Structures are given as structure tokens and as C-alpha cells.
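Just below sit the structures, each encoded as C-alpha cells.
You will see two complexes here that share subunit A, one where it goes with subunit B and one where it goes with subunit C.
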Partner chain A sequence: MSAEDELTRLRAQNAQLQRELDRLRGSGALQQSAPDAANGAAATATPSWDGLQHGLNKEQIARYSRQIVLHSFGVQAQAKLCRGSVLIVGAGGLGSPAALYLAAAGVGRLGIVDKDSVELSNIHRQIIHREADVGVHKAVSAAQSCRALNSSIQVEVHCEGFTPANAVQLVRQYDVVVDASDNAPTRYLISDACCAVGRPLVSGAAIGTDGQLTVYCHGADGPCYRCLFPEAPAAGNCARCVDAGVLGVVPGVIGTLQALEAVKLLSGIGEPMSRRLLVIDCAAGRFHSVKLRAKSASCVSCGTSPAITAASLPSYDYAAFTGQAAANDAAPKPLQLIAREDRITPAELQQRWVAGPCCTARHWQGCVRGRASVLRYLYKLAAECPSSLPAPARLPGCRIASQPDCVVLDVRPAEQFNICHLPGALHAPFKHFDRHLDQVKGRLAAAAAAAGPATSGSSQDDPPPLYVVCRRGNDSQRAVARLRELGIRHGVDVVGGMEGWAAEVDPSFPTY
Partner chain B sequence: MLEVRVLFFARSRELAGTNETTVSLEDGSSTKTLLLLLFQQYPQLEELRGNFVFSLNHEYLGTDEEQQLKAGDEVAVIPPISGG
Partner chain C sequence: MVKVRLEFSGGLDLLFGNQKAVEADIPQQSGHQLTVAEAMAWARDNLLTDRPELFMKGSSVRPGVLVLLNDTDWELCGELDALVADGDRVTFISTLHGG
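On to the complex of A and B.
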């Protein structure tokens, strides 16, 4: 067992014990630090003060004093927070600040739902997790941070995720629900469960530099998510952080506002953002709010005769309704869109560069197999006789630059291409693929000319090899198919794309 | 002629290629005419049809509803986002 596995195991064990402790405290089996205990010397005597039934102890009064003395908040509002509970669905970019602020503010019981584990690429925005938490369940890691911030609150961990099977039962256990999820099916599910059980829902969303915030299912006339968006968005309109990217501060802003709304709902102060939608464009610095209608009588979830109820919800097919699975930051499923013989693996691509028919350094043929042997061979050559090497061949990754008789076409978006790409690769983003057709043709012609008649015969019969890559191997297949439609019939897809290249050929190739 | 301001948020901004534009309409034009014009001017917005919040002067307006526009009105196109 590695040290990391051990750490994960201990953390899970710790979370389990903490839950047990919370349960015992909740049932009164353990004497919690009682108000009088905190009062020091007069512990057993009748206290000399009367808090007019707010129930807060001396320590709580000290801890929350800055908001207790706030004119518009006060001790009764604080007492409501301390007695209240919030379910936070998602311990990601939105859930991080939401959970931290709610823990700090003294919400008596927090439930944190997330089935994923912390990854390094989460931490730029999911600030509740630490570097050392990579690999740990997000719900467990988030709960630990909350407890470290405020040991006097209860934090409950739900690592099984939010599903149609457990949604109603989970929502029922809390006063307020915070939607900090990252995908459309889960958003509909949370809204439906809140309608069915009658809990206010603080909904937040963020992607790129955009954010949205509102409160659903509040009071007698507050609309739900379905009232506003009865039709599920088209899949292409559902950008995910993993593809589209997100500026870390943006979910931070929205998640913080969600905590604020939850505090208002629990404490009863201020005006909740019910029937108001806040839309922010952080790039432009534009905050725009829209007054919404009351709930729709015909809404299938919160209307006068809802089709979706606590009883029917568990069997509702959210994936079918939205046309997407609830998988969020996970990689999309690898597809097989074109014939297998039109695809090669990254390892095969590497071999074709080195030993394939387009290789200009023919003396390498037969003496190299895998990457390790190529490296050894190159380093040996370089050490013995540096001048014998063609310049780009000093690094194996640069081999392609020395081979103008084949073309590598990279169809990823510019942001991804700019992170790292194979040397000499021609960039033709799939999104505007047709615009680059002339460039592709030009490069193929140049490669054919460079190869000369001796190596490739007539370029008509035997065009220069054309390899198409993307991030994971789906768009590249679509590009190969599109090339075919455009009359370029010999494109070959690289299975698994640059991630496959990193996994099979060059572990130093950055993935993201 | 009357001029109205159109704000694009989230995906609609990406599709339209701008976060704001001004549209000139004949006097007496309605929000329906404006929407028709927007979908003509930005055919890429088609992918959002049926799935965005439309607002007139910070108030929700159903895309099938009709309201008369006046000079200086501000409308917004707000598709949902689901990331987090």
C-alpha cells in the first residue's frame, strides 16, 4: 500500500469517525460543550445572564459577534443559522466557497454531496481542497476543511453522489439546498426534488467568465428551474469546464453569492433572490438582473398538477430528458466513428515517423523499435558524432519536423494547440475546419514535392501520409470523415489523440 | 426609426461574437420583430432557440409574447449555463 493510499484510507476512516461523533452529538448521547461549560468558573451554577431564549453559548456569541452586532442581522438571525441546515450538491468551484462561508457563518449542519475525487486541475477554483487532497473524495476533503474552519458545526458527507434514487431522501433532511452541481441533468434533478419536498433552492452556475444566480422553489409563487427552462438545452449549448474552461474566480463569485442567499433564507433577513435572475459577464464586468415571472401553473414539476412527484422522481430518466449523462469533468466516451483500418494508435504513429515509408533517415529502419530505443540511439549518435544528425532529429519529438513528406493535422481549439502540439503539426481547428482546407491541400502538395518521385511515386497514386489528431480521438475521426467528403480520402485518425500520445509514447507531453 | 440595445450573455455572446449590439427598427416594431431580426442577423443563435431567457428592460418576456418597443429599450438574451 502506497503512502497516498494509506493517507486516503486514514482520511476516509477519519470522516467515518467524525460522522459517528456528529451522530452521537446530535442524539444527545455525548454531552456537547454546553453553554455553561464555556462560562468557566460559574459552570455548574445558574448563569448570571439571560439570552432571551436565543440558545447561543458564550463561545458562539464571541465567534459570530461581528454579524450578531450587525443591526440588520442580530442574535436571533444567528440563532436560526446555528439551528439550520444546508445541503450543498457539489464540492467543486461553486460548492467550495459556498461550503466554507456557510461553515464559517455557523450553519448548524451542512451536508456535502459529491461522488468525485479531487484532481490537481480542480484546485485553481475548488479552493476548499488542498494539494494533499488530490485523490481524496471531494465530499470528505470539503468536510475536513469545513471542520477545520469551524469545529462546532456538524458536517455530513455523502460520497455516493446525487441521484434520482437518493435525491428526495437527501433533500428532505435539510432546510435549504444549494445547487453547486456542474451539469444539466443534475440541475433538473435537484430542482425537481426541491419542488417535490418543498425546499428553497439556491441555484448557481458558472462557466468561462459567465455566471448565473437565482433562488428557485421559494415561497408560494417562486418558479423552479423547469418553469424557466422547460426544454433541456441542446448538448452543444452545455459547455463543461473540462472542455470550455473556467476562470477560477468566477465560480468563486457565484458560490459566495449562493452562501449569502442561503444565509438570508435560513436567518430570514433581507430579500432572497427569488423571482430574480442575476447574470454576470465577468469579462465585461457586467452584472445584469432580470425580474422573473411567478411559477408556471403548467409546470410538470411545480405546477398545479405536477407529473414529477416524490414518488415518480426516482424513475424519471434525466439522461434521456437532457440527452446527456450526469458525468461532468469526466472525459467524453471514446467513439468509433470511422473504420478501424483508418485509425492508428499513437505508438504506431511514432513508429511510422521513425521507421515508416516517409522516413528520411532510412538507416534508422530496423534498428529502432520503441521510444526508449529511439532515444538511446539518438543520444548515442549525438554523443559520438553530433554533426551527423539532421538538426530536428536531436529530439525524437522533433522527428516530424524533419519529415516534410508526411502531414500531421491537429484539429484541437487554438487554446489547446497552444499548450503543446507535435512539432510541425498543421493546426486546423475542427470548429472551423473547412476554412483550413486550402492550407491542408497546400501542405500535402509541399510534402509530396519534398518526398520526390523516388520515395512516393506520383503524388496522385500515393499521396503523402496524413495523420489527424485531437485531444482524445473523437473530433479527429469527424475531421477524417469531413476530409473524405471534401475529396481528401487518405486521412488516418490517431486513436486517443494527444492524451493517447502522452499515455503511450511520451509521458512528458503535457495533458490538461 | 427606433434604436434598441441588445445584450448577449454566455453562449449567445460566443455565437453572436459580441456582447452587445444596437438594432434599428421601424417605429412601432415589437419584440417579435426584433427577435426575428436577431435570428436573421445571427443565424448561429438558432441552436439556442427555445432555450434562453429573453428580457425587456430587466423583465422576463416569453419569446412567444409580443410587446411594443420604444427607443432606448434594452433586451437581453440569456441562455442557461450549467457548469460549476
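On to the complex of A and C.
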């Protein structure tokens, strides 16, 4: 996208010119014009009023007046915000409200780091982006929203992401860092960079209906992320929004609280959440804060003789330390876990079973309404003469499942299965797969019986076809392998799962 | 028996039959006060509904889980050897990464 690159380049240039302008204004080389000069009011080059040496102009005083008149905040705190800077790592669910509130509050300079682009499935929680921003760099889109909210602040865009190569140099340019990232390796990296450079870090996280918030690397005894978690959790213990889901408001609450903590740190008011962890359970409506340990003298990042420093950090292998790559919202890599001959592509599956045209969206809406209603529909079709139906009414997915002598096993979690599935598919979530073994055997027996006496006698040698599907085709291979261990040896994996089915066979199948 | 409230947060409730809190009566060895290590092992043996390695690693908690005794980081009260008395709360919080 060369136009996009050009836009980014011009924005960076603009930000630099803005900085230069501010510098000249600050040095008195330029006279600062009053904001209402255009209306013919007198310029304030030589103000006819006295105030504390806070440096705020008339427009700033008007804009931030409601917090300036606040007893516990005041004009000096506002002036610190206007002179301050915050780096927000991640323009997602946490970064969205954090950036908007910090822009609105008048933080003089915001840096927004994100290397991803906006997707439609982000917007339910990443409220800084609009529908029209789908496909745009998140950092660019977020900066646009911040500038629209407050044109008097500087917003800097960092589209290259937060990496060991640029972490120290980025953190060094800002007063406070907000960790609004979505994965463990980036969280360790941000914490290490803040320790190395000596910046306070406002850390927030959210998944499902749970949220957490704390401040790291602050004050004499505030711990860092590594002080609390010196050993990284196994990758399998890190739930991701893309798999586990997240209620949009939850990161909204945490991100808003992160903005609050950043405001407190910049302005010097209140008690930052250092050595305290706020735990919120939005389902139960419980907010609870607990007391945390002090920093550890032996911490490799913030201890008395740290192994990770500004110099050594760029060569630290975060992927190896955490056992996972930093791109957390990405789809897992497609794996080849079982023999190729035990797998079948969605297109092959369709060819084997169906000759009709593709499903229509209308019919899938029927699937979404519930399996029972679709089955009723299919039974009704079968009772009438199916061959007399108009061609568009033939449903490949539905007809696979309506074949009584085959079994489709769907191993996705219930939340995903309930969105949409092949009608008649037997649901056996992989997480508790063994519990469903009897159901699988029962369905296979029923299918064998339906196939008729001609084949039922030899059903041991030639059992009813068994197709196993999941979301993307990894768990279904594990399920096929597990079936084998449990004595069912003829299961066939559908390559690419339901996403593959949507891509190859039925574009109207809802993906998520 | 020691009456202890065990709490599971940050997704750990999913490992304990979706229970966020359990009022437990935990047996103690005669002459000894109950420790957090024993309470943890009791939870693993009596309440855990999922694989043990999602909760513990060796005799301690797995990496990424904070343990609190009455809302205080167990590091400040003796970690595994911290003593648990009647009415105490032991909380296990899995650190979140999402955003």
C-alpha cells in the first residue's frame, strides 16, 4: 500500500514539524497566537493577566477547565499532562479507550504502537477504530481518532510494532508506558524495556469477563513483570481473545483504568497502583485489589545486577523464553499431525458426497437457528421428492449430514459449534473428547444399521465413513489420533476444518 | 479440619468445575498447622476437574499463577510454608495476557 506508506511518512513529517514549531514557540522565537485570534480578538503575545507559571494558554484552560478546577488535580497537574508523553503499546481493546482518554485529557504527546491492521472482528471492543478503518493500520487509525478528538496534541504512529530491536529506543522517548498488548512475549519485552530505561509501566489485561491492572517499575520498591512471573507460563496456559473470546466492555474498563493510572503517574496526583493488583470479575460485578510483593533484588530485569539491560535486550530471545511468538491474535499454524491419507480436503469431501450446488446464506441462517429445525427441514425434503426440488435448494453441507450412513464429528467448543455447524454433525468437544466416545460408537452403529443388511454384516471391515472437523484442522487431527487409540481406526480428518470448508466449498458458511 | 475459602480467578475457575470460590474443610496433620502447600495439594486432589499440570508444576503452583493469602502475595507470607488458619482465604490468580 504505497499510498498508506506515503500517508504514514507525511504524518511523521508533520509530527516532526509540529515538534519543531513547539520548540520555537517554547524558545520565544515565535509569537503564539491566541486561539480566537481568527475572531478578531486581541492576541495574547503580552498577556494582560497573571497566573502561576503553568504555561497553559487560554484555549487549554477552557478545554481542560473541569479537571483544572478539581481540588485534587488543579492547574499544575494539567500542565504536567500537557507537557507529558505516553507510549501506548497496542491499539486494540485496551489501547482504544486508553488512547482516547489520554488524548482527551490533554497529554501533550502520544505514541501509538501496533503493526496489525483493523479487522471487523476487532471493532466490538477496539472502539477507537471505525467500520471504514477495516484494513487500515491500527496505529494510523487510532492516531486519526485521537487527532479528531484533540487537535492540539501530538500523536506519533509506530506501525512497525514493538520488537526487541526498537523497544528501548521507543520507550526512551516517552515518560510513561501503557502495556495494551495481547501476548506474553510482548508483555515481558515491554517490562524489560521499562526496567532498562527507567519508565513506569501501566499494565492491563483482559480476557473473557476477567480483567487485571497494575503498575510496574514504579518508585523505590515497585516490582516489574518478571519480579512477579520470573518463569513464563507455558503457551498452552495463555488464553487468547481469538480462541477464548472477550466481552468487549471488559478491556474497555481496564483500558480506561490504564488511562487513569497514566494520568496519575504523569501529573503526580493520587496513589498509583504499584505493588497492587486490581482483579475485576465483570460477570460477578466484583472489583478487588490485592497486595503484591516488592521488587526482587535478584530480578534479571530490575534487580541489583540485571542481566537484561538496554544494551543486551535487543538480542534477548523472547519467543524462546515464552515458547510462543508475539503475534498472538493470529491463527495457529496449520499442522500435519497424522498421515496425509487419513485426511481429506473440504473439496474432496464435497465431491465424495455431493453433486449439488452450494448452500445459500438463507439455509445457513436456518442452521444457525438450530440443528433440530434444519433436520426437520431435511426430513420434510426427504418426505417430498428431493429430485424435484429446484437446484438452489440442494445443500451440500446439509446433505452430507443427511446421508444416514456417514458420521460427521465436530470437535470444536460448544460456543463455536453453536454459531454454525454441518447439520446432523455429532458434537464432541476435543477438550473432553473421551467423554463422548459412547455417543460416537452409538452414531456409528446407527449409521451402519441404516446402510442396510448388505454392508452391515461386514461393518467391522467396512464401517460407515467418519469425518472429523474442527475450526482450522489441528484439533481434528488430534481427535482422529485419539479415536485410533480408543479403537476407532477409520476416522478421517477434514483439512482446514470449517474455515477450509467456508473457503473451498461454501463461502456462506459463517467464519469467526 | 481447617475451614478455608479457596478462590480461583483469571480462568483457573475453569479447572475447578467453573467454581470461583469453594468453602473447604481441609484436614491437617495432628500437631501441625495447615500450610499453603497442603491447601494447594488438597485442592488438586479434591477439587481439580482438569489436568493437574494446568494448575501445578512439581509441588508448587505453575508459572503464571499468583497465590495470595488473605489478599496478600504469598511471597510476603512465606510462600509454600505460609500457615493457613480457620477463616483464611487462599486465592489463585492466573495472569492474563489478552487485550
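Definition applied: the second predicted complex is superposed on the first by the 423 of 512 C-alpha atoms of A that agree within 3 Å, B and C clash if a C-alpha of one lies under 4 Å from a C-alpha of the other, contacts with A are read in each partner's own complex, and residues count from 1 in each chain.
The criterion applied here is as follows: contacts are C-beta pairs under 8 Å (C-beta built on N, C-alpha and C of every residue); 3 or more make two chains touch, one makes a residue touch a chain.
Because the structure is predicted, anything quoted here is derived from the model rather than measured.
Of the two partner chains, both subunit B and subunit C are touched by A:G93.
In the overlay built on the shared chain, the residue A:I207 is in contact with subunit B and with subunit C. Residue contacts after overlaying the shared chain place A:G497 against neither subunit B nor subunit C.
Touch criterion not met for A:G106: it reaches neither subunit B nor subunit C.
In the superposition on chain A, A:K291 makes contact with both subunit B and subunit C. Of the two partner chains, neither subunit B nor subunit C is touched by A:P429. Of the two partner chains placed by the overlay, subunit B and subunit C both lie in contact with A:E231. Under the contact criterion defined above, the residues of subunit A that touch both subunit B in one complex and subunit C in the other are 90, 92-95, 180-184, 187, 204-208, 210-212, 228-229, 231-234, 236-241, 244, 246, 251, 277, 279, 281, 284, 288, 290-293. Note for the complex: subunit C touches subunit A at residues 9-11, 20, 54, 62-66, 68, 71-73, 75-76, 91, 93-99. Residues 7, 9-11, 13, 19, 47-48, 50-51, 53, 55, 58-60, 76, 78-84 of subunit B touch subunit A in their complex. Residues of subunit A touching subunit B in their complex: 90, 92-95, 180-184, 187, 204-208, 210-212, 228-229, 231-234, 236-241, 244, 246, 251, 277, 279, 281, 283-284, 286, 288-293. Across the complex, subunit C is touched by residues 90, 92-95, 180-184, 187, 204-208, 210-212, 228-229, 231-234, 236-241, 244, 246, 251, 255, 277, 279, 281, 284, 288, 290-293, 328 of subunit A.
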